[in-house]
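Each of the two complexes below includes chain A, the first together with chain B, the second together with chain C.
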Partner chain A sequence: MNWHEAPDMRNWILLLLLLLEIATFTFLSGVRFDSAGDFTAYFQSYLGDLITQSTPTLLLAFGMTLVLITAGIDLSVGSMVALVGCIMASFPGNTEFWWTAVPLGLLTGLTLGFLNGALVAWLDVPPIITTLGTMIFYRGLCFVVMGDLEKAPFITVPGYEWLGIFSGVIVMLGLLYLIGGPYVYHSRWLRELFMMGGNRIAARYAGIPVQRRTLQVYTLIGFLGFLAALSFTARNSSISAGSLQGFELQVIVAVVLGGTRVQGGSGTLLGAFLGVMLIAVLEEGLRGASIWGDTYLPFEISHLEYIFLGALLLIGVWVSNIAHQRSRA
Partner chain B sequence: MIHGRLDYRHRRRIYFLLAGNLLLLGLIRVLLKEGSSFAEVLRRAGPDVAPVILAGLAMTSVIFVGAIDLSVASIIAVAGSAFGVLVHHDQPPWICYFACLAAAWVLSMWNGYLIRTLKIPAIIVTLAGLPFYRGLALIVADLGIPDFGGNISVYDAAYHQPGKFYAGWILLATIIAALIWEAFGRTPRQWLARGNSEEACRLLGMKPERILQSAFCAAGIFLGFAALIAVTRLQAIEPGRMLVGFELHIVGAVVLGGTNIFGGEGSFGGTILGAFFLYFISQALTYAGASAYFQEAITGAVILAVIGLDCAIHRRQKQLDELA
Partner chain C sequence: MARALLQLDGVEKAFGGVQALKQTDLEVDEGEVVGLIGENGAGKSTLVKLISGVHQPDRGTIYWLGKRLRVMSPHHATQAGIATIHQELAFFGTLSVAENLLMAESWPRTFWGGTDWRALFHEARNRLSHFDLKIDPEKRFDSLSSAEKQEVAIARALSQDARLLILDEPTASLSEQEVSRLFDHLKRLRNARVAIIYVSHRLDELKQLSDRVVVLRDGECVASYRTQETDVNRMVRDMVGRPLEQVYPRGRTTAPGRPVLELEAATRRPLFHDVSFTLRTGEIVGLAGLVGAGRSELARAIFGLYPITSGQMLLFGKGWAPRGADEAVRAGLVYIPEERKRQGLVMDHSVRDAISIGISDRLTRWGIIPPKRELERVQAAMGRYGIRARSPDDPIGTLSGGNQQKTLIARWLDRAPQVIILDEPTRGVDIGAKAEIHRLIDELAQQGKAILLISSDLPEILGMSDRLLVMYDGTVVSELTGERMTQENVLLAASGMSLNTSSPIHQ
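On to the complex of A and B.
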């Protein structure tokens, strides 16, 4: 069997690429290990930091994969997370925050996601246009709520910090990817989403409740946006109306890099996870290799991140397209 | 001529935008305070909206053929970097302007070439171009200016001519040329044909790849002028941060103008009116004393309302088409 015939093999290749990337950047960062203990301690803290900082992207990559599978897209995720965060930030940071701001944040996330879904499902507005409009609209609402201020009530909320540290994010991601992931993977629900992405009209005639599924997927993104807002605000302690600009494209790039097709009908959650990690390692690695870059390169090494990101995406999709064509031939 | 070619749905959108623009202008006229001149508002509108309209025309061209360009802002950043580096090295203004135009044109052509040869959807190629060109802009600045600290200052007024003095005229000339070309030219119709059905184009003996490339070529020219005006208006060019998110606002204006995002339907006139409509809304809000914070939310709400309403009205027809 050729590797392109089995999506699992592609995930192995992504994993290999990830390990190669980690090894290269560890070498470039100039870290040297004297003992096995050093090695373990370094990678424990490295992976911990990596996962903690990419939690919002990981959370939304889950939802974005599902929405891309249905041949939809959600460009509003960055604005959505920022708006949930801004609304929560307008509450004072005390114990009451947990039963005022947090439930309101949840409700906001669900409502924003539902609104996207309703426009796509009920009014038949193409998803790219709906979420483009809501991206601008939600970002505008962020400015209405916050103005030019940057607020940080999160630091003083008892226990809130936990959501941004390793143990907190592991619980969140574990529940989503280790329990939710396999459950979704084996569900009839996911197969219905695949069918909607393959052919929407055929799916409707096959008795799949297309409108309801569309609503569910976009509302799920709203819920994940709420979780991402919790994790982002807990880690960064503050939020402003301009936070998370360009986040949507970061999530889409990661998911597509993981092998999900934007035309719909194909994609894996594991691929999305690996796609996010590839980008996070790249970002972190280039930051760590700044001393090496200053010595050997005539330009700022961190600027290479954009170049690699674009090139990785293009090459990834190109290779996956060739594989797809061959497997159909 | 072009009027007859547009379907009734698009024509209705054009009338709506025309009426909306006139209404908004009337509103602005009423809201003007003592001492402010309406002529001044009109005179300022052209230069202010020029980069949006010119980039919008570029986006419209590529959307006509069924593609999209999400990298327009990053391409403008590269053009800005090239311009800034040459200004830093005291090159004459015309060379700097030419470099700016050429950078935008070359990168737009490159996008077309990649889409054509790699057979990857335009949304992916240009999504990859978005960070790639941004990085390229930063690296060009790094290499061209030894102690580049994030922005390139351009103080000499000689380098600000296109953006500050001739923006309105450049816009007017481009709009007239684009509208005449659209009405009488063959190429824009070929773009629309390809946007409708690539296969039908091929069966008719046309060359879809060449049509696609010609759209990116024209888009490069429009984008070059957009970049020239956007860049020469600035005192400090920030290649890493300038115009972030601009591409989606442009798509918003194009879609509001009635162009079908999936290609094959639309008009340059719609894009121009759509961009003016969004601009006049923000101006009317400013004159009405609304907080600047509301403007973005209202822009988003207007795009959603106009397109949502349009889709809702045609929903029944679309479902019947499915059955046919």
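On to the complex of A and C.
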């Protein structure tokens, strides 16, 4: 696939699907539009909730796309975000928090990411195994730090809640996707990641510092994990050692749905964004639709979530494989 | 004389429009060792494949023990008593020696229907000791040395009462000691009246081992003589047989200038050792040798893909110990690899990507590759190097081999490097593109670039180079200049023979 052009078509399809999905669920959840004012108000709060809720996923989808492009993967993101959160949660919730917990959280995120990168780059262990290992390892550290407690110092940190509301996350996401995205898209750095994923040996022969780039990508994920931890803890206001289990799967499903090939060498950030939104709308919609559905169906509609998620992933992979074969023929 | 075990009578084979083998006759007697030699593409493998049943002849007859034999499949040939050991051994690395050895046979069973492992290992041990092999049958096949693997292959091939053993380049990956052990086995087989057809590039080996040598050239059997009655020079002459047909461009008039790349006893065992030479501006130095002699391995070390372990290298007079290819590229030294699909290109990325990655550090402003400037540079390069694609966004995989190669060349040449290493630059490339690449190489030398040319295409390397270094077994054994640059001399040196005495080189 020619990565400059081909995925565009796919992104339009994703966008169309997303709109269709929103329309369906709006109808199913029984929203009534008696006036234009109600309508706008409804959508403002709906979209606002949707975005703030999916912020951690959106942040890591950015990094996951890049790492998948290099033919790598990071399964440890859920544990990583949880560990950063747990470490920050062990500080008392006062103004000091900004100067102690937050920098330490940043350092933790970077370190965890760097560690993943170092293992992948230097030990030459397949990324899926390396990060499966660190996923379990980091989770174990969460329990060591937190025990069985659930801590919530974040509520009392002055100004912290801003990170979890719409205006806060939109700054974070805007910087990442609207400024960082286009920059990365045209960068030489991304070009090198693409070549690494397309043909690792050829990348080495082309003078690309493959190990250094690998380290950078995984460390970037660590940084994004730190941001995700901020927004997660600010919105949920508490965290425990078991938080965010299965988060990595959600991120990967979204990114793959967005057209990034797991085999490497192809993918788009816009697709990843749309993929996350598609899933978020689905989850939110199923929750809303249960009010309507439970009266007609013998089970709760929201219980269908995993079935839809699994089916979406399979369809996503299938479609991108077809597109890939087309472009080769 | 014993009656002919195998006789080929006017055998022919064509693939598509290419006549791989024309009107070939061959006779092999019981207990005779026949060496089969010829250049690449002379028809050796085709002949082997006809006898071993991989292909069927279009015309002609194969007689086996005096009777007409139609070998329809490799299995059929094995049953008839023809055992073949191909260059690439077909084994299961993660299974035991015994399992590999007895792969094609029925295994002893226990009462419960499972495999009787003790009996299996016992049988394997017997089989191995029959051939005087001291290999533990319970070992994993992976853990054997190349020589031991070869021995197991021979034991397997011969376990079904083979009367003819065909070996295709069996010594390509063996050390000298291992080769002599293999020869002991082969001699023992010969004494047991097994006939052997031995395909090899290494003429010194044939001289030691074979009773008779058959030379193939352009699909024809051009000579056949008793080994004692011939010498290596004659074999080489018969193999080459024709004068240089192609005219190679030589527009350059400049004399070689100052040295740019100097190697002193550069070593990285087991890839290469004690390599010393000097490459100057404006000259083309050819690096000849057989596959596996260490030419590409040496080139990769110079390019910084891995370090040398002893000796030293100088680039532009300064110590050269690059830690990666990026360092080499920045310093003005580039390597165009031999396997363009594996080492060069990403087949489903665009021509634009493939070219601009080479100059991306120069295009980049604030980390960004400006699309317009990139496109201009890429289009200019495509024009300059005659890369024919509909658009710069075409996937590389849709281009012809020649255009892919030119793309790879364009990637590096656009940054005007001073030292260029080309590894098999015209392999799998059509004649038109080949001529263009040759002209380009000549122009580069004219511009004062220092060029190291690795090629297995003898006419090409002789026609293009100002002087030749010949590698054998990991080191440069000979430097040829002027009138001594002949196919005969290259072949002699590349197969480990010293040039005048026709005896093996001892180091």
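The rule we apply is simple: the second predicted complex is superposed on the first by the 324 of 329 C-alpha atoms of A that agree within 3 Å, B and C clash if a C-alpha of one lies under 4 Å from a C-alpha of the other, contacts with A are read in each partner's own complex, and residues count from 1 in each chain.
Convention: contacts are C-beta pairs under 8 Å (C-beta built on N, C-alpha and C of every residue); 3 or more make two chains touch, one makes a residue touch a chain.
Note that this is a predicted model, so its numbers are computed, not measured.
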Partner chain(s) touched by A:166 [first = chain B, second = chain C, both, neither]: neither
First (chain B), second (chain C), both or neither touched by A:189: second
First (chain B), second (chain C), both or neither touched by A:199: second
Dominant contact partner of chain A by residue count, chain C or chain B: B
Which of chain B and chain C A:265 touches, first, second, both or neither: second
Touched partner set for A:42, first chain B, second chain C, both or neither: neither
Touching partner for A:208 - first (chain B), second (chain C), both, neither: second
Common interface positions of chain A, toward chain B and toward chain C: 201
In the complex, chain A residues that touch chain C: 1-5, 183, 186-189, 191-192, 194-195, 198-199, 201-202, 204-209, 265-266, 324, 327-328
Residue ranges of chain A touching chain B (in the complex, touch as defined): 75, 119, 123-126, 128-130, 132-141, 143-144, 147, 201, 241, 245-246, 249, 252-253, 256, 262-263, 298-300, 303-311, 313-314, 317-318, 321
Residues of chain C defined as touching chain A within the complex: 303, 305, 324-326, 328-330, 335, 337, 342-350, 352-353, 356-358, 360-361, 363-364, 367-371, 393-395, 397, 411
Residues of chain B defined as touching chain A within the complex: 70, 114, 118-121, 123-125, 127-136, 138-139, 142-143, 244-245, 248-249, 251-252, 255, 261-262, 291, 293-301, 303-304, 307-308, 311-312, 315, 318, 322
